[in-house]
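Look for chain A in each of the two complexes below; its partner is chain B in the first and chain C in the second.
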Partner chain A sequence: MFYFLRKIGNSLLLIIGVTLLSFVLMVWFGPDRTFGLLGKNPSQEQIEQVRRQLGYDRPFAERYLDYLGALATLELGYSDSSGEAVRAVLARTIPVTLALVLPGFLLGNLLAIVLAMLAAWHRGRALDRVITGLSVAGMSLSFLVIIIGLQALLCTPYGVNLFPVRGWQVDGFGSYFYYAFVPTLSLVIVSLGYNTRFYRAVFVEEAQREHIRTARAFGASPLTIMTRHVLANSMAPLITRVLFSIPLVIVSGSLLIETYFGIPGVGRTTFEAITNGDQPVLKAVVALTAVSFVVVQLLADFLYRLFDPRIEQAVADGGGAAV
Partner chain B sequence: MSASVAAAPAARAFRGIGRDRWGLLGLVIVTIFFLLAAGVWLGWLGQDWARAVGGRWEPAGTEHWFGTNLLGQDIFQRAVYSARTAFEIGLVVALATTVLGAAFGALAGWRAFSWVDDVALWVKGVLDSVPFYLFVAALAYAMQGRAFAMHIAMILTFWTPTARLLRAEVMRLKAQDFVKSAQAIGLPAWRIVLRHVLPNTVHILLVQGTLVFVAAIKTEVILSFLGLGVQDGVSWGLMLAESTQEVIAGHFGNFLAASGFLFTFLLGLNLLSDALQDALDPTMTRRRGRMIKAPA
Partner chain C sequence: MRCFQPAALILCLALASCAEDAQSPEQIGRTSAYRHAMDGAPTNLDPAQAAIIYANFFAVNLYDTLYRYKYLARPYALEPNLAEELPQVSSDGLIYTIRIKPGVHFVDDPAFENGRGRMVVAEDFVYSIKRHFDPEVRSLGAWLWDGRIVGMAEWRDNGANYDEEVPGLRALDERTIQIQLIQPFPQLTHTLAQGFSAIVPREAVEHYGPELSLHPVGSGPYRLASFDSARAVLLRNPHFRAEPFSLAREGYDPERQASLGLEALEGKVPPFTNRIEVEFITEDAARWSAFVAGEVDFIKAPVTQFDTLLASRAPPRLKPRFEQRYHMRADLESGLVLTHFNMSDPRIGSHPDSDQDARNHALRCAIVKAFDWQKRNEIFYYGLGRVFPGIIPPATPEFNPNLDNAYVTRDVDEARNLLILNGWTEGNLPVLEYGLVAGVTERQMFEQFRSFMSDIGYPAEKIQPLTFATYGDYARAYHNREVMLITTSWTMDYPDAENTVQLFYGPNASPGSNYSNYDNEEYNRLYRASALMQPSQTRTAMYNNMNRLVMEDCAAISGISRTLILLWDRDVAMLPDRSFVGGYFFRFVNVGAETGE
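The block that comes next holds the complex of A and B.
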């Protein structure tokens, strides 16, 4: 019980930290928005009024608490560039991003687990060397290089020209496949190298334990050993890895992919907010993703305890290190 | 005495890499790129990167090895010059994060479970919870597009894995006899940490440094494409950003040159980093895997 309370307390402190960080960067030190919101030749009263609306005349603590309140109630204000409610923007764009990024994220992990199992089973032999070699090559490819290369190969007449160069007009599974294929493939390739290498390391360590040797002596098949014994006992580092790569792959990945392929998800919205200096959108995205990541970490901690009560020590000193 | 402690990992690294074919290849690649960067820095190579020396989108040939770009600039010269940009970014970020990571990690590890440790953990937790590209975006917004927003963002966030590893290692070393002896003869803590503990963590710092180097170069590419990266000058990231429109029109010079240079250099760094890890600390290598948040 004490453990859970302490974890919840830690998470609250983290939430205060990330919101404070985004508040200080974007609201307190951020550019003055007064004149962006005013027409030409504003009168002194108009200036005063806008500054009061924006809260520029009030102290730091009060404004920070207001900001926390706005986040908690999801009253996120209106976009500077389109005037649309930020909440509506998020409700419209988040499903697109999830539909775009989730298949690639899952495939990137599943394929990596399969390859890592093969490599770990054939440790030191040719297959292992080929897989680890390709992983290192994959880790040396920039995301942008993968995207441009795949686009040239699959979406232009210089390659096979089967898929669209950019865009997102999805109204069914066929069109979804058509528009999501190249982005998904890029996501899989960019994460495959790092993932395979990481999972292989985990599996190799687990496969050296004595209960595995016993299982082999009893004649269990390679598949049974790798799935029932090695994989099942590697769940903690696996879950950590997957959770900690969420902000990396889903958030950062969508930012690049959606900007590149012109897909109307959170990533492109964020990118446009960056280029336009659209503070209400930007601060909502930054604070909400950071806060939800803290919450996910907290849930993960509880999940570990359900999975395996022995885990406390391992998570306590290595939880975040695996990424 | 401390000199020999510090020298030992370096000697081990050289012996280890000498036996490792792939590591040797990595070392050769990194050395070649270092010579390119040094040549640019000394003014011998790539000085014409900004001058229009040909027509628009000239094909590759003996005069322009990768052709010319939209503005008639020689693409090969630009790719060579970018080696300097890559080294500048990689070195600045790797050195700064190593110092930050070593300082925070040593402090937190030496005084583990004290309030100092709690504060360090909290800072790391906060920085790790903000998705990196959003952090850069927030910082760039706050800094109004000033040139070093990219460097500062990378330095502020990339040190956390180093600090985490170092904290654990310093905790382990602190429990060992040589530290206890040093404490017993009354040496001040800062002196024990600086002269006796930190030199024994050089292998971790070196490997983490190469990983951060790789991460910084890969991140620069994406930030430059998003318009948050290199503001003036040229880099492989800017060349790739330029190439995004050209590839659709069938001009591959920028793309092939930048991605070829980038891939070769990153491969060299990755091979070297692996070899260093194997040579310096074989027990750690395959156990934990890589401990860097690798940007996409």
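The block that comes next holds the complex of A and C.
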């Protein structure tokens, strides 16, 4: 219990640190909205008035404390660009992004684990070389090229023209499949190379350990060895990679996909907030990302202990987690 | 490969069956929906924020304005919209009286009592214009009427109380509006055809607060069904006033417009399309793919596709395979691109020392002479832009096509001579700071500028980019007079050269729209006098004089109007417009019948 309380305390400090750093960046290096909110031929008085309304004339500490207060009460204000309540913006866009990226994220990881296990088991042989080669090829391709290529191939008369180039008018599984298929395929292709390479390295290292040779000597089947011994003992790095990808996948990883496929998700909203200097939206997204990372870290700690009894024991003995 | 082929076939069949089962909205109601692609997106649908063309498109469709531009007439001409007729103007040009049409209602909305839209009255217009002067609204359109309406400034300074009357803006009765001006403003009626002047009911503003931006409540031909960062859907307002379409009234020109299929619409009542789907597609590749895949009916063609599309440039003509499928219109933008010299910068602009001032003038003129507009046009605008001398672009009625092109004709020898004769050497030339927003095209334009200057002996290291991360930062810098060379574009608000000559009027200097901070007494005198005049030959002559002064003083490298290639499906009968008609054309779009060969 004390361990988790300590973790939560550390997490709060982390949130304050992240929000402070990002607030400094937003305030001092973020776009200036003043002239975007003024008409043509503004007077100096009108400029000052807008700067006052935006809070640009207030001391940094005061603005930061207001920001923390807004986060604590979830009173996130209104978007400077659209006038929409920031809470409504997030409530509208986050589910779209989750529906968009989760299938690709899960498939990209599950397929990579399967391919990596195959490559690790056949290490140094033809199958390993093929999988590794394709992974490197996948890593070398730009995300943009994959998107544009798949659009041309699957969504236009130059290819099979079965899916829409863009859009997100989802009202059931049929329309969901119709709109999500090509974006999901793009996400799977782009993530498969990186994931496969990473997981292969982890599995190869694990497969070289003594207990694996023992299992082989006992005559255990390849499937049993790879799943019950190699995979189970590789869970710590797997959990780290998967969990810590989630906040980035949700917020920034979906940016290109949402932009090119015309999907109104949180990635696109964040990008527009950055370019427009829409600080209320930006502050909320930054805070959300920071909180997501903290939650993910807590979840990772919990899962490490679940999968690796040595950590549980170390905590019980009074030490810390050693992952 | 043997395994791959059947597998691929099975996959394709599976995908096809899934894709067919999936009910794509593109396939539903195709016959009645018009699908319009925009290369940008509005973030806010409040008419007070309708500063960009994309927002203006929505403002004029969701709300009513007193006036609009005739759908087909070129040059552009005003037409009553909610107003019964053009305004009655007093002989001194100070009092405008406007009657609005009877029986027009706002759309039904929870903002109203019982949710039923009430009748639009003159007081709604008064309220809507007052909103622009309420500091809480942060209007982007107040500048149109600022300092022009009697009592408005006092109303604002006294706390913007909507229950207080503004002497110069009154509803005389339910249907009569009276505007009293401080001094004549001949462009007033044009401003009443802009989205900024759209009529908003007070109940909706009070009901939705800042979220009026997402809940438009107007009396325009369409109402909003949905809106997000990727797409908006408009549905026909079933209660929109029934005014039969008249080709003659809209300025139909059979010689130029016979192929558009508009004749069949004569006498029918717009809006002709029940549903308009607007897709916001900023990426060129995605916009083009969506168009060729038939997912949208209209696009502004990306410059990157001009080679694919066009069989010839002068005049722009589609290749036969595209001509069979699409209509095309090559539309000169209503505006210009130019580079301002910051005249308040003593390194290149005005200088208290008369000798140095003369040398700076020669330096600016040398830069103007070194600039190669033909190459700029060729490389960045596919050679389709229209280069013209000065600051009065071709889209204005006052444009003079016979003006001497020397100002925009490159002359390297003359540029070199100007530098030599005025004592400029590689050693004493100032560092030129060229402002730009970080981006590939902007950087390429800078490099091209640097190469032009190298040709007259300007050392490359003395031409430096002043890069800004966002346009907002760039705008802040040039409004604060911190940029030496400011390349920017100006989109005109109304078809009157007053809108561009004011860019060089001294009192409009930064933070106003005179980014050059040009201040010439003779120019200012001419501007003040012409600003009060109705269109006439005398006024045009005064504009031409102002244009000449800017060129003589070499206050700007100017200019070019870009050509937009608009493409739309042959089964859509319409004349799209990105200029002054703008979004008003939506109500006249007719989807269905194949049009013109």
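Here is the rule we go by: the second predicted complex is superposed on the first by the 263 of 323 C-alpha atoms of A that agree within 3 Å, B and C clash if a C-alpha of one lies under 4 Å from a C-alpha of the other, contacts with A are read in each partner's own complex, and residues count from 1 in each chain.
Here is the rule we go by: a residue touches a chain if its C-beta (ideal position, glycine included) is under 8 Å from a C-beta of that chain, and two chains touch if they have at least 3 such contacts.
Please read all numbers here as calculations on a predicted model, not as lab measurements.
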item: Touching partner for A:Met26 - first (chain B), second (chain C), both, neither; value: first
item: First (chain B), second (chain C), both or neither touched by A:Ile148; value: both
item: First (chain B), second (chain C), both or neither touched by A:Tyr194; value: first
item: First, second, both or neither for A:Met235, with chain B first and chain C second; value: neither
item: Touching partner for A:Glu272 - first (chain B), second (chain C), both, neither; value: second
item: Touched partner set for A:Tyr78, first chain B, second chain C, both or neither; value: second
item: Touching partner for A:Val294 - first (chain B), second (chain C), both, neither; value: first
item: First (chain B), second (chain C), both or neither touched by A:Leu255; value: first
item: Chain B versus chain C as contact partner of A:Ala137, first or second or both or neither; value: first
item: Chain C-contacting residues of chain A that also contact chain B; value: 29, 31, 148, 151-152, 156, 158, 165, 259-260, 275, 277
item: Chain A-facing residues of chain C, complex; value: 12, 15-16, 18-19, 21-26, 43-44, 46, 51, 135, 138-144, 146, 210-214, 228-231, 279-283, 285-286, 289-290, 292-295, 469-473, 475-476, 479, 502, 508, 511-513
item: Chain A residues within the chain B interface of the complex; value: 10, 13-14, 17-18, 21-22, 25-26, 29-31, 136-137, 139-145, 148-149, 151-152, 156, 158, 165, 190-191, 194, 197-198, 200-202, 204-205, 244, 247-249, 251-253, 255-256, 259-260, 270-271, 273-275, 277, 279, 282-283, 285-286, 289-290, 293-294, 297, 317-318, 320-323
item: Residues on chain A engaged by chain C in the complex (per definition of touch); value: 29, 31-44, 47, 49-50, 53, 78-79, 81-85, 92, 148, 151-152, 154-158, 160-169, 172, 174-175, 177-178, 181, 258-264, 268-269, 272, 275-277
item: Parts of chain B lying in touch with chain A, wherever the complex brings them together; value: 122-126, 128-135, 137-142, 144, 160-161, 164-165, 168, 214, 218, 221-222, 225-228, 237, 240-241, 243-244, 247-248, 250, 252, 255, 258-259, 262-263, 266-267, 269-271, 274, 286-296
